[in-house]
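The two complexes that follow have chain A in common; it is paired with chain B in the first and with chain C in the second.
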Partner chain A sequence: MTALLSIRDVSVVLPTGGWFGGAAPLNILAGVTLDLMPGETLGLVGESGSGKTTLARAILGLQPISAGRVRFDGRDLIHSAGFKAIRPRTALMFQDATASLSPRMTVGDAVTEPFSIHGVAVRNHRDKAAELLAEVGLPPEMATRYPHELSGGQARRVGVARALALKPALVIADEPTAGLDVSVQAEILNLMADLKDRHGLSYLIITHNLALVRHVADRIAVLYLGRLVETGPTRAIFAEPRHPYTQSLIAAEPKPDPRKRRADLAIRGEIPSILRRPKGCEFHTRCPLAEDICRTTPPALKELGYGRSVRCHFTETTTEGGRHELEH
Partner chain B sequence: MSEAVLSVENLSLRYRVPGGTVAALRNVSLAVRQGEVLGIAGESGCGKSTLASAMIDLMGANAEITSGAVCLNGCDILSLPRAERRRLRGREIAMVFQDPMTAFSPVLTVGAQLVDFQFNLDGVTGREKWSRARDMLARVGLSDPDLAMGRFPHELSGGMRQRAAIAAALLMRPAVLIADEPTTALDVTMEAQIVHLLRELQADYQCAIVIVTHHLGVIAELCDRVAVMYAGEVVEEAPVDALYHDPRHPYTRALLSCDPAGIEAATGRLPAIGGRLPDLSDLPPGCTFAARCGIATDRCRTVPPPCVALGPDRSALCHEVAP
Partner chain C sequence: MSSGGKFRVLRALLSDPMGALGLILVLLFVAMALFAPWVAPADPIKLNVMEKFQPPSLSHLAGTDQLGRDLLSRIIFGARTALSIALTSVGLAGLGGLILGMIAGFGPRWLDALLVLAFDSMSSLPMIMFALAVITIVGPGTGTLILVVVLVSIPAYARLIRAQTLSLAGADFIVAERAMGASSARILFRHLLPNVVGPLVILLSMDVPIVIMLEAGLSYLNLGVRPPTPSWGNILYDGYTSIRAAPYMVLIAGLPLVLSTLGFTFLGEGLRDALDPKLRRGAAR
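Our next item is the complex of A and B:
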């Protein structure tokens, strides 16, 4: 099976200027390689500042890339004349659903706007809007409302309807449930799962919520400072995370069970500034296993088989023993 | 068991809105004792933040308390004159807000603000206030407190700002610390660190802490006792272990069951509660949760439920629970 989306060595470097031109450029993404198969859900996880949203924007051509290539359905997405043809087949669900809707457009206008943008003829806008709203479980009367009249969950549903308008193959969802209550979150995720089954969608879900990604993603990719540190099938990664960063992210998630309180912290400190990328392995400043080699030599992404790869010098030792050490 | 430091007794509060009133809190009674961490859980719109702001007497101008009292060490703070209440705030009761960026003024340095916050500390020189502020920043885990004192709030990262906000709240050694969604704006790694910090600080200062959050994981990690709110009422109150392992109110059960972090096996379809919160300006006659409840009977739809005592420190507002 060929990948629906294939990202090869994508880097995003922004110049920082500086009066004498001597300032180091900002390396927001550093050689990210990922594949997304048709019908697959890929979860992109990492702390804020790890480059998740930049990668999504780069995939959609909203952020110029400095190196590498993005191919969608076998065709080059960027610098290509076919971009306009590919664009309606990809859609983005924005992080802040209410803010992503124009306050002066009714819900009905918002969900049918993609048709006019892409010059797709629609016989009856009202019927089309009602059809799209029904798809996401909203009543047709909702079409005359304005965004400020919607609850958070309803705005999210409108965002889904708008993303689905042009029958895309790939939907990129940036924090699809941020700011929602748990019960509403479950409704939105179930809706996304239903739509995936019905329309054969592929999802790229960007989130820092690991509890969520565990239930919805087939595969996950962990980013740290714009670099991929671990990828693999979700189940395998949660059962046995190999990179110390993945291990500490999983351990940091508070469990809704007072009997599983943690005695100690899984991870200390904050993600370093991208202006001062650590030398060697970028995670060494927070890594409990770091040794001299980590401070000097950047590790390569190692294939572990079964679709897993990890970027760590101590891949062999960061199995059970390593995790044990992290937890205690 | 020690006396309650802060207690809320039969508090009812409503907001005046165009075309009527919204009954945001109805007969809420809660108490937090010295050295205890009380969690207030619930979904948005259930009145948790209104309750937190009523505890520190920072309600909006359209809020109106229709009955009840908020007592600090046995004294009703709502009946005190304005100036007295203002003196208590920050000194006896302090608050940490969800968004630390809006809790600080953007035009003053963190240090200047931390000194200002000690305005009603008598007989201490400015220099002493500065060093108290600096020591408190070091205590909350800022690695370079001297540098942070000179920084503006926007120059600090989200986690550092929240630490500074906690330092600001603790400067006056308050008897009660109220934290409204203290970790919601943060990453998981920073959330874990802030939870850990609050636990350490609580052990050091022995103050009472009230944590308001919708995050059930944070409550499980941090609290001794939990009050679950729904549509402006406390529907269940219990010690933390009992609440998570033997929830009694149907809403608590539903809420716990749809938290994806609590579901061990990976599942593509998550349980949801279904339905929505009742309209607080036009409440149903019986139990407010009846329309979404799986075990509701006709009685639930017509008669308001009683508060059933279920043992020490435990109660639920439900017709269908047996003591």
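Our next item is the complex of A and C:
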């Protein structure tokens, strides 16, 4: 099966200003390689500042990439013409759903806007809006509301309705549950799962919420300072995380029984500033296993089989750490 | 925007006594200017030297001037002069500022830098000095007056619109439009425009009285509207020269200036409060 979306060695480098051009350029993303199969849900996990949102924007051509290649459905996305063709087949859901809706446009106009943007003839805009709103469980009366009159959950549903208007193949969801009550979070996730089954969508879900990816993702990719550190099937990664960063993330997750938390894997300190990217392995400043080699040599991404790969010098050692996790 | 949204602003405006007073005064002056030929009791430029310097009476409600012209009629036609100049020039300047500001805020950075430099150079000139310089070169008249106001006011409007556009250009809903593949024209006109004009409308409304005063001031100096066309500034000057013979003239010519200034200022402030998204959101709940 060929990938719906294939990202190869994508880097995003921003020149930093400064009068004398002295500052080093910012490597927001450093050689990210990822595949997304049709019908798959991929969870992209990382802390704030890890480059998750930049990757999403690069995929959609909203952020120029400095190196690498993005292919969507076999089509190379290097020219703007390429992006034009994929626009109706991709959709982006924003972290702040209310802010992603034009403040002076009614909900009905907002959900049918994709049709007018792409010149798709719609016989009756009112009926079409009602149909789209019904699909996300909103009453047709919503069509006359303005974004500021919606609750967080309603705005999120409107965002989903707009994303689905043109029946896309890929939906990129940036923190789809951020800022919502737990009950509403569940509703939105169920709605997304439901629509995925009905329309055969693929999702790229960007989040720092591990419980969310564990619940919905088929596969996980962990990003640290713009570099992919671990990818693999969700179950396998949660059962046996191989990268010390993934291990710490999973160990840091709230547990029903706090005594079972692994103190030795607790993550230390803050994510380093991207302005001063650590030499060698980016994670060595916070890694419990770091040794001299980590401070000098960046590790390569190692294939572990079964669709898993990890970027660490001590893959063998970390396996044991993962075993402990299995016991929980 | 739907009609419901407009009515909400109007209701908010009328619920504020200052805003309501401003709206009434402005409507009064606009009606006076529009219906001048029907409202005015006499021809504003018809001379009748036999009846000069008549104090207010039943036949001449505001008296007559040094040439026997009916003052009330001159004031009413003066409203037409003042408002047509003020609204035309402020409207043109607002349109120019809107277009240039949106280009600066949304266009390429070199163009933005160029436009900002132009705005800054323009606004470093004092308005009255610039007006006098242009009048010296082009000669006095209505057209010159409008030209001066448009040139002097564009930078302030353009800067406001530019700042609004810049702050919205990176907003999520604009990024969402681009992700959906919307053209730049669509983003500019359907999404940026309705969200940046609000503050401009307020500023325009508050600038109308400044232009009315400028017109009156220049006409007073005989550098604005040419006599015998009635202008509040001309009437004021006539009143000043004959203040001993007809002291009521300056008062009568000054009154509409004060009232129209107050009216437009109150309206602007009322609009600002009525359009304030926070206040409006509070009212909507």
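One rule holds for everything that comes next: the second predicted complex is superposed on the first by the 308 of 328 C-alpha atoms of A that agree within 3 Å, B and C clash if a C-alpha of one lies under 4 Å from a C-alpha of the other, contacts with A are read in each partner's own complex, and residues count from 1 in each chain.
As a convention for this text, contacts are C-beta pairs under 8 Å (C-beta built on N, C-alpha and C of every residue); 3 or more make two chains touch, one makes a residue touch a chain.
Bear in mind that the values here come from a model prediction, so they are computed numbers and not experimental data.
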| item | value |
| --- | --- |
| Three-chain arrangement built on chain A, chain B and chain C clash or fit | fit |
| Touching partner for A:L62 - first (chain B), second (chain C), both, neither | second |
| Chain B versus chain C, judged by how many residues of chain A each one touches | B |
| Which of chain B and chain C A:L195 touches, first, second, both or neither | neither |
| Partner chain(s) touched by A:A99 [first = chain B, second = chain C, both, neither] | second |
| Touched partner set for A:I117, first chain B, second chain C, both or neither | second |
| Which of chain B and chain C A:V158 touches, first, second, both or neither | neither |
| Least Cα gap, in Å, left between chain B and chain C after the two complexes are fitted on chain A | 7 |
| Residues of chain A contacting chain B in one complex and chain C in the other | none |
| Residue ranges of chain B touching chain A (in the complex, touch as defined) | 43-44, 157-160, 187-193, 195-196, 214-221, 223, 240-241, 244-245, 254-256, 258-263, 266-274, 276 |
| Chain C - residues contacting chain A, complex | 1-2, 5, 171-173, 175-183, 186, 190-191, 194-195, 277, 281, 284 |
| Chain B-touching residues of chain A, taken from the complex the two chains share | 47-48, 151-152, 181-187, 189-190, 193, 208-212, 214-216, 234-235, 238, 248-249, 252-262, 265-268, 270-271 |
| Residue numbers on chain A that touch chain C, as the complex places them | 57, 60, 62, 83-84, 87-88, 90-92, 94, 96, 99-106, 113-114, 117-118, 144, 146, 148-149 |
